[in-house]
Every structure is written in C-alpha cells, then in structure tokens.
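In the two assemblies presented below, subunit A is common to both, partnered first by subunit B and then by subunit C.
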Partner chain A sequence: MKATSVIKSLTRFEFRRGLLRVVGVSAFLLASLSAQADSANTTGLAVTDDTVTVGILHSLTGTMAISETGAQEAEKLAIKQINDMGGILGRQIKVIQEDGASDWPTFAEKSRKLLVKDKVAAVFGCWTSASRKAALPVFEKENGLLYYPTFYEGLEQSKNVIYTGQEATQQILDGLNWVAKEKGAKTFYLIGSDYIWPRTSMKIARKHIENVLGGKVVGEEYKPLGNTQFGSVINKIRLKKPDVIYAAVVGGSNVAWFKQLKAAGITSKKQTLLTISVTEDEVLGIGGENLEGFYSIMKYFQSQDNPNNKAFVKAFKEMWGDDSVIGDVTQAAYLGPWLWKAAVEKAGTFDVDKVVAVSEMGDIELTTAPEGYVKLHKNHHLWSVARVGKWNKDGQATVVYESELLEPDPFPAGYQ
Partner chain B sequence: MGEYTYSELGSILAMQGFAGISLFSVLLLMALGLAIIFGQMGVINMAHGEFMAVGAYTTYFMSSLTESYLPTLMPYYFLIAILLSFLVAGLLGYLAEFALIRHLYKRPLDTLLATWGLSLIMQQSFRSIFGAREVSPTLPDWLMGSYQPTETIDIPLNGMFVLALTAVVTLGVFYLLFKSSWGLRVRATTQNRIMSGAVGINTKKIDRYTFALGCGIAGIAGAAFTTIASTGPTTGSLYIVDTFMVVVFGGAASLFGTIASAFSIAQAQSILEFFISGSMAKVYTLLALVIILMFKPEGLFASKVRR
Partner chain C sequence: MSFVYEKLMGGKSGLTGFIILATLILVIFPTFLDLFRLNLVGKYLTYAFAAVSLVLLWGYGGTLSLGQGIFFGLGGYGMAMFLKLEASSPENTAIQSTPGIPDFMDWNQITSLPWFWEPFNSFTFTILAILILPAAFAYLVGAAMFKRRVGGVYFAIITQVIAVILTVLIVGQQGFTGGINGITDLRTLHGWDITSNNAKYIFYFVNCFLLLGVIVLSRFILTSKFGRLLLAMRDKEDRVRFSGYDVSNFKIFIFCIAALISAIGGAMFTLQVGFMSPSFVGIVPSIEMVIFCAIGGRMSLIGAVYGTLLINFGKTTFSESFPELWLFLMGGLFISVVMFFPNGLAGIWDDYGHYLTDRLKQLKDKFTTVVLNREPKQLAEDAG
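Moving on, here comes the complex of A and B:
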C-alpha cells in the first residue's frame, strides 16, 4: 500500500470516527469496509471490494447489428474467462451493456451514460469509424477508456482509446507486396463503397502501387453504400483487364458484388482478386462458392492452426453455438479485455490515467492471443501480423502468406 | 483503345447493353407493386420494401427447408418459392389493409406514417425471427454462372432470369387490370368510388385485393432479388428510394409511365456509370430527374388519381 493512500484512508477513517458517535457500531463496520475499498481505488470508478464494472457498447439493433454481434460475443467470452481465472486484482468483472442502435449520436449518448452515471472502468465497443468519432469527444472529456476492435483507416490516436484492430497501412501494404511478387501483378483496379474507410484505404493503396511497387492503377471506383448493381462496373473492369481487382466493398453490397462477378463469368480461374473487407462473417452472406479462390488480407483467420486459436474457437462455439463463425474483428474484440487486464495488473490500479500510462510504455504483450503474439505500441495500436487467406468453398480461408510482426503507423509519412 | 480488337469492343458493348436492360427489369419489378397500390388506391406504402424482404425471407426459408428435407428437389424449389413469396407477402398485405390501412383512407398523410411504422415493426420482426445477419438462399445450379454465346461474351444467367420474370409479371398485371372483369372493377373504383359502389361493386373488397396484389408482387420481386443480392432485416429500406423514384418519375397512376420511367432511369444510370464513377452517375441521374420533374410535376405520364 502506498503511503499517500494510507494517509488518505486514515483521514477518512478519522472523519468517520466523528460520525460513529451518532450512528453507532454497525455504521462503524460499514465505514471501515468502504475505507478499505477506497484504499485500493481512489478514482471514483465503479469498483468495490470484489467487483469492477465495465461497459460494452455495440449495436444490437439496426444495420450494424450484423457486424457488431460477433464483437460483443467475443468480449463477453473474454470477460467470462477472466472471471473464471479469478478476475482482475481479485475483483470479478461486472458488465453493463448498452445498445448503440447503429446510430452515431446514440453511441455518444450511451458513452456518456456509461462513463458519468455508471462510472465504468473501461468500455469495450464501437465498430464503425463514424461511431468511434461520435463517442471519442465524450471519452476524452470524461477521461474514459475505450478498447476499439475494428481494422480502420488510421489517422487517429487518442489518449483514451486503445485500438486492437489494424490500422490501414498494416493491413494494406504487405498484402500488396505479396500480390505484386507472387502473382507478378502490375495493373490494379480499385473498387470500394463510398465512405471514409474505403477511400482512405484506396488512397494509401494507390500511393503504394504507384510509388513503391511501380505498378499502375487502371481504375478507381466507389459505389454508394447499399448499392446492389455492379453490371456496368464489371464491364469496365473487363475493358481494363487489370491483373488484380482490389476491393473494399462493404455490407449488403458485398454480397451483390461477388454474386454478380460470378454470374458475369469472372472467377478466380481467370482473375486475381484481393479484398480487405471480407472476413468469415461476410462469407456467411456471400456464400463460399461465390468467393472460392479469391484472397482476403486480414490479421486473423478462423482456420489459423495454433493452440491459442484452437482453444479460442472451441470456447467461442461452446458459448455461442456450433454454427457461429469468427472473423477478424471478433478476434480483435476478444483481445480488448485481455489487454486491459494486463495493463491494470501492471499498474496495480483501475485508475484510467495510470492504466494509460502503463499501456504507453509499449511493453504490454499477449502471448495467448488467437492470432498469435501481439504487443501494444506506444501509439495505442498493436504490433501484429498481416495474413493473406485464400477462400475455400466451405467459407473458411487457407492462410497462404504471413508477414513479419508489423509496427503500427497510424500517421504514415508519404501516404497522406 | 488501340489494344482492343473490334470483336472485343463489340462484346463489351453487348454486355453493357444487357447490364442496362437488366437494371431496367430490376427497377420495374420493384416498382410494379408500388405503382399498383399508389396509382389505383392513392396509398403511399412506405412498407413496400419490407414486403419485398418478406418474399426474400420466404425464399431463404424454402431453400433451407428443401436443403434439409428434400435435397433432390433443389433444382426446382426456386420456382415454388417465388409462388409462395407471392402468396405470403400478399396475405400479409391483405391483413395489413384489413387491420390498418382501411381505417386511414381519408387521411393520406397518416397512411404514410402508419405504413412507415409498419415497416419498422416488420424490420424488427425479421431481426427477431431470422437474426441480424444477412442471409442468402442456396441457388439452384441453373441460376448460377453465365451464358456464353461467343468466346468473349458472358451474359449473367440470374439477370436473364429476372428479366424473364419481370416480363411475365408485367404481362400478368396488364392482363389483370385491363382485360379481366376484376380489373374493370378496380379501374372503375379508381375513377369514381361512389358511382362504382352505387352500381354494385364491393369497393372495400376491391381495395383489399388491390393492396394484397401490390404486396404480393413486392414479394415476387424480393424472391427474384435473392439471386442478385443478400437479404437482411433492413434490405427493404435500400430498395424503397429507387422504387419511389421510378413511380414518381413515371407519373403516379400510370403503369405505362412506370415502365417508361424504369427504362429511362436504368439506361441513364448504366450508361453514365460506364463512363464516370458510380456515385457521380447516381448524382447526375437524380439531378436530371429533379430538373424534369420541375417542368413536369406529374411525372412522365400523368393520369387521374382518386381524390
């Protein structure tokens, strides 16, 4: 126990002695109990002697529920496992779950509720960049701690956020190097949905293709979100004959895009296609037969063959059903509670400033991550490996390439 | 363009032509049901997209059922699923008219709100019953892949299927409305409700069946679109904007208008998309629509709507 906190608890003890004469012995017992709890936690967070409360904030309703369901399932699994091991600093984790309802202002409002009213020690949540951007000012103002699981466009680093997915350069650059080397690709056709993540990713991809690989971008195309008609684009691609189609189409459009590619006779036999927006989750909707032989770049695939991952997949299926699939973001969400546990235990307190300070030392690591080894960088992102997976008919991918451990670089010089 | 042979360019031209026609058939199929309800009854059905989703989910349900119990029938289930989608969506439409719409005929703005509420209820029901994830039925093999008349031309089979289906449904609707005695009663009710009632037409029954027919056709559209895209709880809301665009541009009460408008929007969009980017193509198409509607506020083909 540190000297300052001893003094603090003593003064409180003295103060409560004053009350004692009025309230009686039972009050004295209660007061001394709470004085004890205060000595381990003086931060005003929802921490008691044997519990600590955290928040989970994902969309359970609305458009994004499709994607965010897996993430919150993984976070609950991790929290359950941590509790079974005895919790954090001897405290069991209690969860308050809120629904972001696929609506960005709601994310901000629920964040405020979790931080101000519930005083949670950490929040695991958000999925889209838009929801993160909406919640971010609240986390910064109330000094909360958010673990954000999605691979995203980068260009952000907040004291109050730990990013457990990959930022754009980690995901994109090595995959492009691989396809240029392995397939001798020179010409690329870029296609994505029309919003910030595909556009930023494509900007980075284009710079890398043109400046580093010496290749050529023969077409760049964005379709409105929710668009289901790709006939004209497919004809354009036919006209340009690119070596590689590089795709970042999301949501329901993704399914239409791959179904129509196949219907137009463009299959992996004739065409190399690399995508940064298809995980096992998306394959459920697209159908393995429409994707067979195409490639995805991710940091995690469910089929990864290592003991950590086998145990994780088994535990996940036991908790959430045999037919559940695990995509990249689901796995990244699973890392959140474990990274938090490591940081809290190292700091010896739940205090947000101290947990962040420890996280920023850059030596918090997980050897038990399903994706393999990860380490937290000073810049709040994770060192991680990029992998290229080739899709099979059964909806699982075979990993055909693994990079080295990549340093996260959310503000890449020369790519902005 | 020097590196292309004439036959290659010709092939792409042919495929691009088909892409336009294919988009036309999709838009028309979406809009037909809405045009009937809007045109014949003056009801703006905001839940139209959800009735499409009902058709799509029925198809998905049939696909899973056939796969687990009667795998030998897989090649044929799709045709039955289309018929069932029509019946299920039509039945739901019938109930919706009976429970909700008929009380609001004199308050057109309230039907707008009520059907929008209905669409939210339906979306959440899909989410509760089928889950939030997007689903796709397993398609029979004869709907997958492409037809190759020459070495360099690929015509998508699912596009051809939707085209054929649209043709059948459109002809069916025309027959029903303009050749059958039921259609005669529907048109009479549209033109003069009180007089139709006076000569012995049960106008309430006509309303109910018209609404059910419109919803049933939405169901068929939903079933057909499972060959092109996936189905999720909010799929319907993706289609509703395009659908309204077609109906309003065509002239609210004219089926010919709907066809003409679907054709011109589809061609404009697919040709523009080929030469400029997808998002901008949509912007220019909408811009053109706005300008035309400023000069012709009733749409391409104006005709009478029930007052």
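Moving on, here comes the complex of A and C:
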C-alpha cells in the first residue's frame, strides 16, 4: 500500500506542470505519508484526525430546485444528527455544498470538483436520471462514492453508486398486483413524461400487465417534460374507459395534468388512478383537493405511523420549519448518510474501495429508517417495502397497502 | 509578411491582442492552473468558438442568430455518436438485451443500429460530418430565408424556433438520440482513454490551437473585401444590393462559416467533457452564446473569447462560493456590463486602454530621457 500510494502521487505529479511542481510534489508526499499513519484514510481523501468532508450536490436553482430542496435538507439533517452523536470514527462531518443548477453538465463539473479538488469521502446527491448519468462517468473515473436518493428506472449498477431509492420493479410490480386484485382492474392506460424513467417503467409495467396479470394496455402515451396540455390524452382516456390510469407524469406537468383531469370530470369517484411519480412534495403544488382519492405507489409516506418516522418528521420540522413536507425521495436521501456511516464503521476506514466492499456484503441494515427496516443488497440497491397511499384533501396520504420486504432487481429478467 | 501582418492578424492592435490571448491560454493557464481548472477553461474555450462565430455573423454581418446552439450541438452530437459507438462494443454491452448497440437504444427497445448511425463507425466520416453537416444545414436555412429577404428580428426568431424544434426532436426521439439524458459515458477514441490526464492536456492544447486558427481565419475574412462588404451590408443593405452585389449569397456564406466554427467548438466540447446533451442545443445555451459575445464586445474576435471566459469563470466561482446566491451575482454582472460598458470588454479596452498604453509610452519616454539622456552627463560627471 505504501509503495502504491507513493507511485500514485508520483504519477499525479507527472502530469502537473510548471511552477507548482516542487510545492505540489512535496504536498503530495506529505499527504501520502501522513495518510499512511492513519488507517482510516489511505487514499488521500479529505479526512483529518477530527473531521471528514463530504459533498452535497443537488439543484438549488433552476426547474429541479423545488424537488431537490427536500433531499438536500434531509441529508443535512442526517449529517447534523450523526455529528451530534459523535460523528463517524470519531470525526465530525463537514459538508461542501455545490449547486447542480438543474443542468446535467453542471452536475458532471461539480462532481469532478468535489472529487478532485475537495477530495470528499462521499457525495450525497443527484436527483434526475439525466444528472446521474452525467455524473456517473466522473464518479467511476475518480473512484468517488455517490449516494443517489431517487426512485429510478434501474438497468444500472455502478461500483461507485449506492442507490437508496427504489429501482423500477420494486415500485411497480407490487402496486400493479394490488390494483389488479383490489380493484379487479383489467385495462390500463399508461401515461408518462417523455424521458428514460417513465419509458422504462412503462415497459416493465406493460410486460407485467400483459404477461403476469393477463390484463390489457389500452393506451400508452408520452408527453414532453414541462408539457401542460393534456386535453387530447384526457379525451382518449374518456373514449377507452380504462379501469386504471397508470401515470408517471413528472415535475410541474403534474399540476396541469391533475387539474385538467378534475376539470374534465375524471375524479376518484369514477376512476382509479395509480401514479408512480407523485409524492408529498408534488402534492404541495398540485393541491390535495385535485388529487383526493387517487393512489401513489412509493416506499415512504410522511403519514407512516411508526416511532422512527415520528422522530424523523419531528426533527425535520424542527430544523426546516413546520410547513415543510417530506416526500419519498427526501426520506431516501435521509438514509444516505446513515448507510454511509454504517458502512464506514464496519470497514473501519473511509477508503472508497473498502466502503464499497463492505456495502457489497449485503448485510448493512438500518433499523432506524423512517420507512421502517431497510437492508443494503449486494447489488448496491436497498431491500424495501412498496406502499400504496391514498391521497387526502390535506395533501397527506393514508397507507392502504404494504408489500413484503422486496428484493431489488435492477436488471429484471423477462422485463427488458 | 505584410499579408500575414495586415490580413491575418489585423495590424498592430490585432496582433498585440492575439499575442496576449495566445500567451494567456497557451502559457499562463497551463502553468498556473491545475488540471481540474485547466479542463474547465478548456470547456469554456469551446463555447468561445460559438462566440467568435457570432462576432462574424452578428457583429459584422448584422444578422443575429439566436440558434448557434443548433450547430454547436450538431458538431457535438456528431463526435458523441462516434465515441458512443466505440464505447458500445459487444463486449462492453454484454449485459443488454441486444449487445453491440448504445445502451440508451437498448433501454428504448430498439434492437438494431439505426441506418443513420452506421456511418459514424468511421472516424473520417465523423470528422467530415462535423465539418459539413452543420454548414450544409446552415446553407439550407440560410438559403430559405435570405433569398426571400428575411432578416433582422425575423431571422433571430426563426433560428430560435429551429433550436427549439431540434431540442424537441432530440428529446422526443430518445431511442435514437439518448433523449434528455444525452449521449453519455464516452470513454475512448480509437482505444485511447479520453478521460486520462494526458488526454485532457492534449485536448486542451488542440482546442487552443483550433481556436487561435479560427480567429486567424475570421480575421482574414473580415480584413478581406468580403469583410468590408459585410459591414456595408450591415449598415446599408439596400445600397449594397443596388450596387450589383447579391446580398443573400454573402449572408448565406457567413452563416455557413459561423455554423462550421460553432460545430468545431461542439465537437471539442464532447471530447473534453465526455458527453453531449440537448441542454446545449436549445434556446438557453444559444442565448448564452450571444451573451458571451456581447459581453466580450460584438465587434471583437478576441473580446469574444474574453467574454466567454469571464462569464463562465464567474458562473463557476460564484456558484462554488455562493451556491444559493450565484444567479443574482451573474445577473448583476450582465446588467453592469450592459449599463456601463455597452461595447463589452473590447469597448473598455478601446475607451480606456489608451490610458494604459499612453502611460506605458510616457514611462518609456521618461526612461529614455531620464536614463539615456543623462547617461553622457553622468559619465562626464563620473569622469570629472
């Protein structure tokens, strides 16, 4: 290890140019020497005897800021709680925050900055699939560690990413089984925003509906991101009269989508609607009254009644204000620092390779998660429970169904 | 010699500016910036291609294009398609339902490589496509509009509309284009790791030389007879037309050149950043490019580069230091430049630069009079 890290710093040195050479090499040598004295950090991460630095990378500006704010708030809360408990391996966590600005290239740039300049031990961040896809090569190249909180399309498993949200099959299959059984649904109308996550989710949903449930997809439609005109889709839905509208409309489009549904007289009295893209955060914009009686499938709802969640909601509101709501991704983001703490403590070091190796053993678990019990699978995703929530006027959901603990399966056979 | 001096460099002031810029990007940045920052500067300099193209088209040609992102994007996508195909070898993509095609196609249930992707297996074709396709597209658009004497605001709006259409097309046809995610995870060029530190240095310098080359080419265009015609067309188009020139052909030509220059920037961007996405094609990036050009001074080829560097440097540092406030700081920067220096950075240099040069001249005179004139006297005194 000693030899390799010196060689590493020398190869790094080789590419440095100009006046800083001498300063650079002595700094690198010093860094690698002092690092070797400490087994908690042998790869030159930003770890001192009493602090460890991590990055938070979410959009604070731009269209995604509304969605990502909750996630970064939850991460800060978790970090604060960990620090209050004495930190990780006796070190207090310091945070460097960067703004992804809802712009995928910026996510790549800032990831590189956090890993190369700041040498953070872990990054909690990204929200959209596009931002993760943009940042992913950087994390793989610089051997960083990213905790990614959003439920997403699956079909990915990187050594350098821990996925704390649900992958598509965990979210979709049980919800479809539930609606088929509970509502006797046979015909489905699929509608989503036009990008990778809804498309992949619908692909999985269609296969499950046709091959497993023996149902029928009577329509499948995608609208551009940010679209606010759903009139033609709503007319088609009226014509086809599906048992279930299965929706993955994201972001601001949701407001128009649900308001136009209501204006067209399609409400929960006559129509079952199941969505995989509405959390408490979106409901804030849509308005509970436009959504009342419709269903969401998520792994977490703010209204969940358990001691972990009660404590979490209370702490969150204390830190970020009584008006704040907590959606699925916010809770998943909260798990990130805790999962990292568990892995680091088990590995006894902050080294990314060792933390990943420990995470891949498949036995890191959190009994204190607000959503209940979660366990990290060796494929970097979480075992979790799928829940169906029925929306109320006040913007909160009542959980009407809970699955068993579901195994994550990012590359589902028969659904690709 | 005088050809080089007058036509390619633009006389004394042009040459001075060119040398200062070349020293800055070729010597000073690589010496004083670490690789991470240098890579960022490299990325900014790819935008500078678009800004320089706007100096030709807008500053001199008087035709504002709000769609340079189209050509930047076409160039970038061309390069990205080649690199993606190389990254999608059957071995690398064995996990997919259809190995050997780019991952996003597999996610979108496409089972064979679309016909228009096939030629991008060839590097020669890719380079030609980057140089020719955007220019050819610009020719089509330019011919359709300038021949009908559409210009000014209408032209700006139409270019903007095309940028929107192209974005919608790329996002909508995600099976063929990678959609909103863009084409990501590009790793090698002919088996050579483009994410390595060596590659980053090489691309940086290639990028600098291309940019300096583009500036020389643009200077040549502007100092030629054609350049004077451009100015004449901008100021009194009818008079040029009545003098017997075919105004539309000149406009089409400069539009094609501007497209070509932007496309080179796009291709270099893909190589240095490692991916391409529709967020470089649409309205926002296109308008940003106009801002780079305006801040630099729309009549100055060199100023456009500084404008690009200043804005992007501001963007990066402000957002790193004040993640929650940085947009306001950027807004402040734009407003103050437009309010106080309507001719951009180049305008500041023209208005106040002579104070600096005068001062230097004074110092030099003083030096000559004080040191050199006194010398004999001093010598005499010493001798005496």
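Basically, the second predicted complex is superposed on the first by the 376 of 416 C-alpha atoms of A that agree within 3 Å, B and C clash if a C-alpha of one lies under 4 Å from a C-alpha of the other, contacts with A are read in each partner's own complex, and residues count from 1 in each chain.
We adopt the following convention: contacts are C-beta pairs under 8 Å (C-beta built on N, C-alpha and C of every residue); 3 or more make two chains touch, one makes a residue touch a chain.
Bear in mind that the values here come from a model prediction, so they are computed numbers and not experimental data.
Q: Based on the shared subunit A superposition, would you classify subunit B and subunit C as clashing or fitting together?
A: Aligned on subunit A, subunit B and subunit C fit with no clash.
Q: Quick check on the superposed pair: does A:A357 touch subunit B, subunit C, both, or neither? Answer first, second, both or neither.
A: A:A357 contacts neither subunit B nor subunit C.
Q: Just checking: does A:V95 make contact with subunit B only, subunit C only, both, or neither of them? Give me first, second, both or neither.
A: neither
Q: For A:V212, select first, second, both or neither according to whether it touches subunit B, subunit C, the two together, or no partner.
A: Neither partner.
Q: With both complexes superposed on chain A, which partner does A:I196 reach: first (subunit B), second (subunit C), both or neither?
A: second
Q: For A:M319, select first, second, both or neither according to whether it touches subunit B, subunit C, the two together, or no partner.
A: neither
Q: With the two structures laid over each other on chain A, which partner does A:P224 touch: subunit B (first), subunit C (second), both, or neither?
A: In the superposition, A:P224 contacts both subunit B and subunit C.
Q: Quick one: classify A:G285 as touching subunit B (first), subunit C (second), both or neither.
A: After superposing on A, A:G285 lies in contact with subunit B but is clear of subunit C.
Q: May I ask you to decide whether A:T69 touches subunit B, subunit C, both, or neither, giving the answer as first, second, both or neither?
A: first
Q: For A:A256, decide between first (touching subunit B), second (touching subunit C), both and neither.
A: After superposing on A, A:A256 lies in contact with subunit B but is clear of subunit C.
Q: Taking the superposed arrangement, what is the smallest distance in Å from a C-alpha atom of subunit B to one of subunit C?
A: Superposed on chain A, the two chains' closest C-alpha atoms are separated by 6 Å.
Q: Residues on subunit A in contact with subunit B in one complex and with subunit C in the other?
A: Comparing the two interfaces on subunit A, one with subunit B and one with subunit C, the shared residues are 60-61, 194, 224.
Q: Any idea which subunit C residues touch subunit A in the complex?
A: 30-32, 34-36, 39-40, 43, 95-97, 104, 106-109, 168, 171-172, 174, 179-182, 184-187, 195, 197-198, 201, 273-275, 277, 279-280, 316, 319-320, 323-324, 326-327
Q: Which positions of subunit A touch subunit B when the two form their complex?
A: 60-63, 65-66, 69, 194, 220-224, 226-229, 231-236, 238-239, 252-253, 255-256, 259-260, 262-266, 281, 284-287, 289
Q: Which subunit A residues qualify as touching subunit C in the complex?
A: 12, 15-20, 60-61, 97-99, 101, 103-106, 108-110, 112-113, 116-117, 129-130, 133-134, 136-137, 141, 153, 155, 194-196, 199-200, 203, 224-225, 411, 416
Q: Which positions of subunit B touch subunit A when the two form their complex?
A: The contact residues of subunit B facing subunit A are 4, 12, 15-16, 18-20, 22-23, 26, 124, 127, 132-136, 138, 144-146, 148, 154, 156-159, 225, 227-230, 232-235, 238, 269-271, 273-274, 277-279, 281-282.
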